[in-house]
Amino acid sequence: MDPERLEALLGAVQAGETSVAEALAALRTMPVDALAYARLDTHRALRTGFPEVVFCPGKTPEQVVGILARLREHHDRVLATRCEPAVADVVRAALPDLQWHPLPRLLTWGHVAPEPPGAGRVAVLAAGTADLAVAEEAAVTAEMAGVCVERVWDVGVAGLHRVLAARPQLDAADAVVVVAGMEGALASVVGGLTDRPVIAVPTSVGYGASFGGLAALLTMLNGCAAGVAVMNIDNGFGAGHLAARIARRAGGAA
Amino acid sequence: MDPERLEALLGAVQAGETSVAEALAALRTMPVDALAYARLDTHRALRTGFPEVVFCPGKTPEQVVGILARLREHHDRVLATRCEPAVADVVRAALPDLQWHPLPRLLTWGHVAPEPPGAGRVAVLAAGTADLAVAEEAAVTAEMAGVCVERVWDVGVAGLHRVLAARPQLDAADAVVVVAGMEGALASVVGGLTDRPVIAVPTSVGYGASFGGLAALLTMLNGCAAGVAVMNIDNGFGAGHLAARIARRAGGAA
Amino acid sequence: MDPERLEALLGAVQAGETSVAEALAALRTMPVDALAYARLDTHRALRTGFPEVVFCPGKTPEQVVGILARLREHHDRVLATRCEPAVADVVRAALPDLQWHPLPRLLTWGHVAPEPPGAGRVAVLAAGTADLAVAEEAAVTAEMAGVCVERVWDVGVAGLHRVLAARPQLDAADAVVVVAGMEGALASVVGGLTDRPVIAVPTSVGYGASFGGLAALLTMLNGCAAGVAVMNIDNGFGAGHLAARIARRAGGAA
Amino acid sequence: MDPERLEALLGAVQAGETSVAEALAALRTMPVDALAYARLDTHRALRTGFPEVVFCPGKTPEQVVGILARLREHHDRVLATRCEPAVADVVRAALPDLQWHPLPRLLTWGHVAPEPPGAGRVAVLAAGTADLAVAEEAAVTAEMAGVCVERVWDVGVAGLHRVLAARPQLDAADAVVVVAGMEGALASVVGGLTDRPVIAVPTSVGYGASFGGLAALLTMLNGCAAGVAVMNIDNGFGAGHLAARIARRAGGAA
Amino acid sequence: MDPERLEALLGAVQAGETSVAEALAALRTMPVDALAYARLDTHRALRTGFPEVVFCPGKTPEQVVGILARLREHHDRVLATRCEPAVADVVRAALPDLQWHPLPRLLTWGHVAPEPPGAGRVAVLAAGTADLAVAEEAAVTAEMAGVCVERVWDVGVAGLHRVLAARPQLDAADAVVVVAGMEGALASVVGGLTDRPVIAVPTSVGYGASFGGLAALLTMLNGCAAGVAVMNIDNGFGAGHLAARIARRAGGAA
Amino acid sequence: MDPERLEALLGAVQAGETSVAEALAALRTMPVDALAYARLDTHRALRTGFPEVVFCPGKTPEQVVGILARLREHHDRVLATRCEPAVADVVRAALPDLQWHPLPRLLTWGHVAPEPPGAGRVAVLAAGTADLAVAEEAAVTAEMAGVCVERVWDVGVAGLHRVLAARPQLDAADAVVVVAGMEGALASVVGGLTDRPVIAVPTSVGYGASFGGLAALLTMLNGCAAGVAVMNIDNGFGAGHLAARIARRAGGAA
Amino acid sequence: MDPERLEALLGAVQAGETSVAEALAALRTMPVDALAYARLDTHRALRTGFPEVVFCPGKTPEQVVGILARLREHHDRVLATRCEPAVADVVRAALPDLQWHPLPRLLTWGHVAPEPPGAGRVAVLAAGTADLAVAEEAAVTAEMAGVCVERVWDVGVAGLHRVLAARPQLDAADAVVVVAGMEGALASVVGGLTDRPVIAVPTSVGYGASFGGLAALLTMLNGCAAGVAVMNIDNGFGAGHLAARIARRAGGAA
Amino acid sequence: MDPERLEALLGAVQAGETSVAEALAALRTMPVDALAYARLDTHRALRTGFPEVVFCPGKTPEQVVGILARLREHHDRVLATRCEPAVADVVRAALPDLQWHPLPRLLTWGHVAPEPPGAGRVAVLAAGTADLAVAEEAAVTAEMAGVCVERVWDVGVAGLHRVLAARPQLDAADAVVVVAGMEGALASVVGGLTDRPVIAVPTSVGYGASFGGLAALLTMLNGCAAGVAVMNIDNGFGAGHLAARIARRAGGAA
């Protein structure tokens, strides 16, 4: 509606029915979001290529179905995160062509694993088996954003040789995601081994004084290696998204 | 400059030099803040009557002098908060007609204590002597915003009869500010005695497990009396400002 | 009983059976709450118009039924908060004319949505879908207190144009309630857009380093916009009640 | 065994078979607890009159039955705390003369409510309905320790007149227990009203920024009224036990 | 003034100038604290024997002098706590007969160490040398309240034999104060050795993960020995005051 | 593969097909972990005698079965920790010769309790019944590592004579593990009684201000007795493993 | 030395003095870091273009002089961070061609502000005046790493129009650094306005419940806008370094 | 005195003046610490070889002089920790043969660096330059306890090759001390490289979210490498002492 009001106003100016001063005054009192919205809409178009994302917690299965069905009409890729298995069952009964990723609890539509040439590259490292759900959330999210993902699992610092063995994958990446719970030291070690941007994700894996991931979070924030930034605890989606943003800009250069 | 660009665009539409479609496209790419600024400026004008405020920490005395001097040209009341005495000395040497409030460390220009009829009323209660600096900051701030302030000092819950004795002042107020450190229980007690909006300010007064005001803050947030909202620790300015907002709207009705 | 004792004492003074000095001594030893109660009772009467409220947690369904049934005899509006659905089922079986609000888990009796002219106005903004339960609790509570509520849902700061679009509703309100979880930044943004009193409610929506709402709580307490006060995490009831207190005083002026 | 070893050693000294120097050396190497135990045993005898107590969490129902059965043989009063209802069912099937207190989840044997003359007196105040489980735990514990308990329920600071009405009960007590959750302000208010020793018990009742009772705990620790000491969160047993210790010594004086 | 108003009212009733109903109505609107104050004043008189106390932080030396001078006119014992040496110098210059206790930073007037027969007894235990300032604050406070104090210094749990050696002093006391920093384990150990009421005071002595006394505070709150209650960190005054309350009631019995 | 590449490179040098300079350059670019792995493998061989360990949380029963079956082929002792009973049922159905320890939730293969002569010795002390699961985890882990374990249960500081009675076991040990929840004071007391290395394990046993074991953790970290180091909350496995490391080196000396 | 050992070993293989098997065995026992170091050295060479950095805290002025003098011999750009003014005075007396940046407390050598064409671009936004020291640290660090920096100061969310006005600078950047204290909401708002990678830096600017930057840190970690990662509090250097890493890879593509 | 009382009692038994039963009764009431003290004294003798230690904070220079002078009469090695330079100046003026270690702020008497053969060995690793004060405190403490110390400085995980280069020193040690601030990840890395007992010491080195060492402490407690125990923040003395305890037992075996 607001664009129409704006068009009408301009038409009146053109027709001489409204003076410039009157138009300026009208613009002053017109809700600023009319223009803001147009502007933002353009901005969103620039991001084409990133999937639309649905955050499932707090939504009923029916709501998730409805949103996903609508999004599929306008987008070529759709991603739903933190989807409980019971919710996923309902959604997939209604939308059978969605793909279910049980470990990271993701529902995807249009997911493919991009191939290297021409695409940016992200390496995702996970310290322990229990960190895989978060790491895979990051990996699939990045793939949905069109970048090639190298998965490097089970590289805890207690087995340092496995971390060292990941150097080729680090060197080939445009951005690195490090996922670790417990004490989260992997981020520091990786940060010291590579000059690529590192996105660290603490996980809530641990017990006792891990305080739900707080220990790993603080470790990563205080890391003495330069070039490491940190996401919220268990935020694999955010890390995958940010790594893809970085890799897509960098990858275009290759 | 941006309003000029806008005016020029509208002029071109009026002159037929620019089509409506072109103008719409131009508006889409014009920085949205051009309009936003105009809009916000109007909005600010609506707030006339509140003083302009300078937050001193992190500014040199010279910067404070410069800002205050400029503000005085366009406003009838100016307030500088959290001003160290040494900074105040420099400022007052340059701007001798400023008033210095040593306890709350405020510099004011144009401060008067409004008289009741026609003005909203705020009651400010302080639990202990050590809470007075914050309480007085709230009181002067509210007065600078044009409301009448009733100060009620030294009404800690350990001497409950003094709290009870403040009932007439509570009943006469449009909004109540409660300032208390230590355990901060005064907010709950006052909240149970009045039906006026209560703004609670925890202070950092205390020791040991007060943890710099955290104890009083949590007490006030968990208060079982309805009608109490909480400010940041030691934020007397914010409480005085909000109380004045409330009292001015309510007081206008009287 | 105590008023009777007081009346008897005064009668004895009047009859000359008790001297003034004896009466004074008797008053000194008479439980102070006899008078206090009388005084407080009067005070409560002044608050007529606010509903009686039952906080359900820790009470059996039968207790809730009993309390609500009794309250309905003396009040025209009754509100029960934080009512589990299973409890609500029992209560409504016994008291079928109660209204059940499943999202905010409220039971109401006598709930109507007041119409603007003559009533104060409260705008309730919610940042995300998951914040709606708390926001609706605030909204219904305010309506029960007799003010007109404007609901503005889904205005997270990540979609800033939607926040900007809420300016008209902010301008029309006597008080604003902002409900947000995650990082809670909406309170600061709204505080910068309006000069109305803002009551911010952090919610426990979030994960990881949100620490059950602590992150949003701290954000709101530290907000750099003046005029914002904060409630306990998830305390929609308290925010709605306080906003109604403010709006009723202000609204009477319109 | 150790007392026997000691007796044998002394017998050998008496018989001249062991020199004093040898006996001293033997005592040096004899486990010190042999004597310590004897000493401590005597000490325990001095405490006669306090019940033996079983802390149920972490014990199987069968273990609780076994311990209680054994204790009953040597004591006239037995108390089991924090007993889940399912455990209580098993225990009472085996030991039918035990008394079950469902609210505080206590099992007692030999429980009577002592009558005032000759017994110390404890007043137990509870702020809200949800605090009653902890308060009743304190009350029954104190009764099991032989003191007379005055229960004063539902005296939250939001209804200050009810607190004031409790003054006679405070004045009659040798020790006062205050149980409160939420913001816990009741402890400060009571501490300002009485000169009796006050034992404050924060409860985990609350939500949001109560952080499981932390808010009430900090409030009580920082209370500005003198004469108040604090127990662990929800530790009604400890408060009742300590209050009884105080009241028994004081009450003997009456 | 208020007592006069009350007396005048009763006089008017007596004279028939005011009806009983009018007097009742007048009492309803008379500030409740008029009576409350009288009542509380009486109550304070009951506490005779406890010193008047001045908390120095936040007061100028001149204010401290003024308050102490006034208090001395009406009381036989006066105590000022947390007095900085520089403040003490000023105060003693003006009031030379005050006694200065440099370790606990107390100023006293009328301080004597009561002798056992006829007085209650308090034992004060300090774990380490660095805890002595707080322990001595407790001890002098208790002496000012008229009880006999037994000081037991340097009884840390790392030297358990010294704790065991304090058993006679524990057995002779009516109440025990335990002062300990670092990990604060002394409170649990003492609580297991005595059946007297134990008041535990955590101190801020320590470093690193003592977090300003938090570690000792949590230790003492979680102690598994019954009969221990806890004060705020470094609150020697509060512990001494409460122990004296307990000992005076108990000691009167001896 | 990498060792083969290395061998091929050296063969080429030997054959004169590759110069030393070329070989050095090749080594520079060869993934460093090829050598690192070999090196680390040797290192692992040095640790023979310690069992292979499987941390069960986050693994399916089938995964646990698969890992354990494989480990048994190459090791004489295998240990699985934190195994839920339901998982243990599945595992034992597939691998019937595994031993199930229900209290510490361990599965072992090859577990024997080593006999003293020739083996190092570890004493494991537990403060309360509820700490036994963690203590037994430490004990069985140490036994799996080949050391003799002395279990000393139920030695809380509230019953100090039982702690003192454990002195002979402390004196006979090469390393001591202390397991305690609640306030965790046992570590300090034991640290003051022995000159053996003490490994303290806080447990999550407790309630209220124990904050899931934080209180015991801080107590143990701040203990004033020298010679005590601390493990994560509930980390019985880590304590048993470290104690065995110490005792094996020390015990070899006996 | 180690490279020499390696060369000698290869020479012996070449000369037939050492068999391939012997060489393999020797490599196994050779400290792995000999090769690791060579490898890492190469890796470091790849990072040419980033300055060498000296972290000043904990170093004497003489040590800083020594390190900087040595670094200048081998590098064209040197950066020293967190340098106290007094230290800077000593350093600049010895090394007069160093540049001193008083606000961010940096010493630089070889600092130039890169010009856009051919260089990546970073936008640095600061919310308030007090955040400038950290923001400028990020800006200079990024410039030292060869990228063009756009500074956007004073864009707090309380003045939303200024944030909106920064859209062109955001759109032109390859990476965005957001520096904010108090409640840190700027990161979320910027994250919602741009699709560039955003590095958020909380600052310790604030008071009360900002808890030294914790509030801003939590806000930024919980931000609901995708594409934002977080640095440690006040870590402007880290943010500038990481942003430059990202922009250099992306900028090469332009 | 107490040993005398005991000797007299035994003499009386020997002389037939006291019966065995009477002696048993007398022993029951004799303060248990008489024997405990004797016992503990013997125990202390067993620890010969460890230095006597004075913790300086909270003691006047004169007190430190007095204690050290007395200790030197009975011991061959004396250690004073956390000694401020100003205190050290006074002490050394009085006791000129004491050695001053300015970095760790230690005063020693009788300090020598033990030579390897025949002595246990401890490796002390420090992550950064700022951690050296704590690391050196551990090293000197261990040397004072008679073990040989290998210092390995500047081995942060950001330069992993230096950590790997420390493998020979790790392999040669009986116990390893790891000192690290910031994120403290070094402990995990070292724990994965060695099978020796590792004592980790977090330091308060860091800023922002290091929270005075809390981040490093949590990292070390949650380390996924087995065999690592943790000391309090900055507790170099404790780590050196415990490592020496371990190494002395183990080293005797070599």
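By letter and in written order, the chains are A, B, C, D, E, F, G and H; residue numbering begins at 1 in each of them.
The rule is short, and it goes like this: a residue touches a chain if its C-beta (ideal position, glycine included) is under 8 Å from a C-beta of that chain, and two chains touch if they have at least 3 such contacts.
The model shown is predicted, which means the values in this text are computed figures rather than measured ones.
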item	value
For chain F, the least number of touch steps when starting out from chain C	2
Chain at maximum distance from chain B, centres defined as averaged CA atoms	F
Candidate from A-B, A-H or G-H with the same interface as D-F, over half of contact pairs in common	G-H
Chain pair, A-B or D-E, that carries the greater number of C-beta contacts	D-E
Whole-Å gap separating chain A and chain G, where each centre is the average of the chain's CA atoms	24
Rounded Å distance, chain B centre to chain E centre (Cα mean)	39
Where chain F touches two or more other chains, by residue	32, 36, 39, 128, 159-160, 164, 167, 193, 208-210, 214, 217, 221-222, 226, 232-233
In contact (per the touch rule at the top): chain pairs	A-B, A-C, A-F, A-G, A-H, B-C, B-D, B-E, B-G, C-D, C-E, C-G, D-E, D-F, D-H, E-F, E-H, F-G, F-H, G-H
Interfacial residue positions of chain G with respect to chain B in the complex	128-130, 159-162, 164-165, 167-168, 205, 207-210
Footprint of chain A on chain B - complex, ascending	3, 6-7, 10-11, 13-14, 16, 19-20, 23-24, 27-30, 32, 35-36, 38-39, 42
Partner chain H, residues of chain A touching it in the complex	127-128, 156-160, 164, 182-185, 188-189, 191-193, 206, 208-211, 214-216, 218-226
Residue ranges of chain G touching chain H (in the complex, touch as defined)	31-33, 36-37, 39-40, 57-59, 202, 204, 212-214, 217, 232-235
Residues of chain F defined as touching chain H within the complex	36, 43, 46-47, 50, 53, 164, 167, 174-175, 193, 195-197, 199, 217, 221-222, 226-233, 237-239, 241-242, 245-246, 249-250, 252-253
